[in-house]
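I have a structure here, written as structure tokens, and I will follow up with some questions on it.
By written order: A, B and C. Residues from 1 in each chain.
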Amino acid sequence: MTGPGVAWLLDLAGIFVFAVSGALAAVRQRLDVVGMVVLAEITALGGGILRDLLIGSVPPTAFTSLGYVLVPLSASGLVFFWHPQVTRLLPAVLLFDAAGLGLFCATGTLKALDHGLSPLHSVLLGVVTAVGGGILRDMLSGQIPSVLYDRQLYALPAMLGAAVTAAAWAADLHGGTVTAGAALLAFALRVLALRYGWRTPRPRGVPD
Amino acid sequence: MTGPGVAWLLDLAGIFVFAVSGALAAVRQRLDVVGMVVLAEITALGGGILRDLLIGSVPPTAFTSLGYVLVPLSASGLVFFWHPQVTRLLPAVLLFDAAGLGLFCATGTLKALDHGLSPLHSVLLGVVTAVGGGILRDMLSGQIPSVLYDRQLYALPAMLGAAVTAAAWAADLHGGTVTAGAALLAFALRVLALRYGWRTPRPRGVPD
Amino acid sequence: MTGPGVAWLLDLAGIFVFAVSGALAAVRQRLDVVGMVVLAEITALGGGILRDLLIGSVPPTAFTSLGYVLVPLSASGLVFFWHPQVTRLLPAVLLFDAAGLGLFCATGTLKALDHGLSPLHSVLLGVVTAVGGGILRDMLSGQIPSVLYDRQLYALPAMLGAAVTAAAWAADLHGGTVTAGAALLAFALRVLALRYGWRTPRPRGVPD
């Protein structure tokens, strides 16, 4: 980490990848250009907006930064014209999405801690930051949010990264290296789960 | 009423029962453990969170109290392992749910009045407190919120309890006895409606 | 424009028409009276509530004004008893809805600018004000929000009106005439699009 510039670039990169996943969902659902831009913006910014509303940091960052609005717009433009090519890159998109997941659960937890919330609640808000946009994307597409049923390890890696962030903070360990370590842990668990097909359990007795 | 201890226990009991209804919905929709915990937390806390966001009381109570997060988690654990048994207890769950409905419409109205909102708006927010979590539960499960179409008396008892709370407050009657009375009225109307199958009307001319 | 009285009446008229569209959606979805009132209120007030939460103006105007709550209630009463007649007036409803769209994108943008948001973000919030209620209406009715896929020019006229409002504000042009002009532009584009069947594009290569 070499200062706020790197953190800012990583943040925008995570937002870009989340926006691509929203724009691709719009293609699958045969939405028009308005639907694509809305899904891209909400997928990318929705988790952070929910977190900011809940911790009382208004206007949310998404409404004070031009980059936060323009990056999803550019992701929409890319997918609008070249979605067949982007779809072919899906394995890479999944990898970058895992990186965004790791980054946002760590930074979301930190922001909640900075606003005075308890470690437990900050972990919750870190997870909300990481998965909230995807939940809103699925609800707007008329689908049950995939994180609630598809048994992939998606929310759990975010919870791991958030918990490590909160534990380090409680142990008075601060700084970019700690955040990066927590984000990497979440990223690694997500990638391993993708690679080996790890699944979350269903309630006892519910058949596959 | 013997003080805030009783009110606090009742509050957590209401949250527990709402969480059970959310976790059971997750079983019906064949969600995984993540979906179950999310539905349990949102069903139990969603109404109060919406109310707190709307009256500007942030962070919402759910994000300042450990019990509010842990109680739905324990309800999820119960339903995860013993949902067949819990489903068999459904009549009792409906009864406790009616008690939660009564409690939350009264306490939600009071909190809005305390924040300076008008009696009419406080009644609205009391109803939001009582039924908002269930609406979010149904939206996340990919269903039309049952309170909007199933013709059961569910929102109307909440409105009665909220209106009585606001009327007592406007008449300068305060204290736990008044709140308990309003909650009991809403509870009684809900239970009578369940017992006798009372229905809300559909728009004129819409067939059954 | 002859003062705040006219603006206030126009505002309530726009809310009335949006509420009628929500109540008619409830008839189509065969909801009961509770569902009708909820859809009428949310369709009429949802966009403004979202905007107010996002700019930190709480409680939202809808929770400080009696008229904002009572007007959708009266629209529900009208549709509850006379929905066949109201449905026959649909061309007129569409025209008034276009007027509400124009009005709310302009006033929503202005309110965000007044709260110190950047012109770009204020345009976004103007569009949220105009189309947010309809999106919530569709989500509560179990449908994909029509503005995301139906290729009608609905969000784009709102964006035009919002952009003209923000541009005028940036050029230090203020006052009711400017707002009215921006609202009229959005209204005119919406009506022309309805008249001539103009459509928004789908992503390249997605068939009709």
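In this text, a residue touches a chain if its C-beta (ideal position, glycine included) is under 8 Å from a C-beta of that chain, and two chains touch if they have at least 3 such contacts.
What you see is a predicted model; the values in this text were computed from it and never measured.
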Cα superposition of chain B on its sequence copy chain C - rotation in ° rounded to nearest 5: 120
Chain copies touching (chain A, chain C) - same or different residues, decided at half shared: different
Rounded Å distance between chain A and chain C, as computed from the means of their C-alpha atoms: 30
Residues within chain B bordering two or more other chains: 53, 139, 142
Complex interface listing, chain B residues touching chain C: 53-56, 115, 117-118, 120-121, 124-125, 135, 139, 142-145, 147-151, 154-156, 199-206
List of chain B residues in touch with chain A within their complex: 26-27, 29-36, 38-39, 49, 53, 58-60, 63-64, 66, 69, 79-84, 139-142
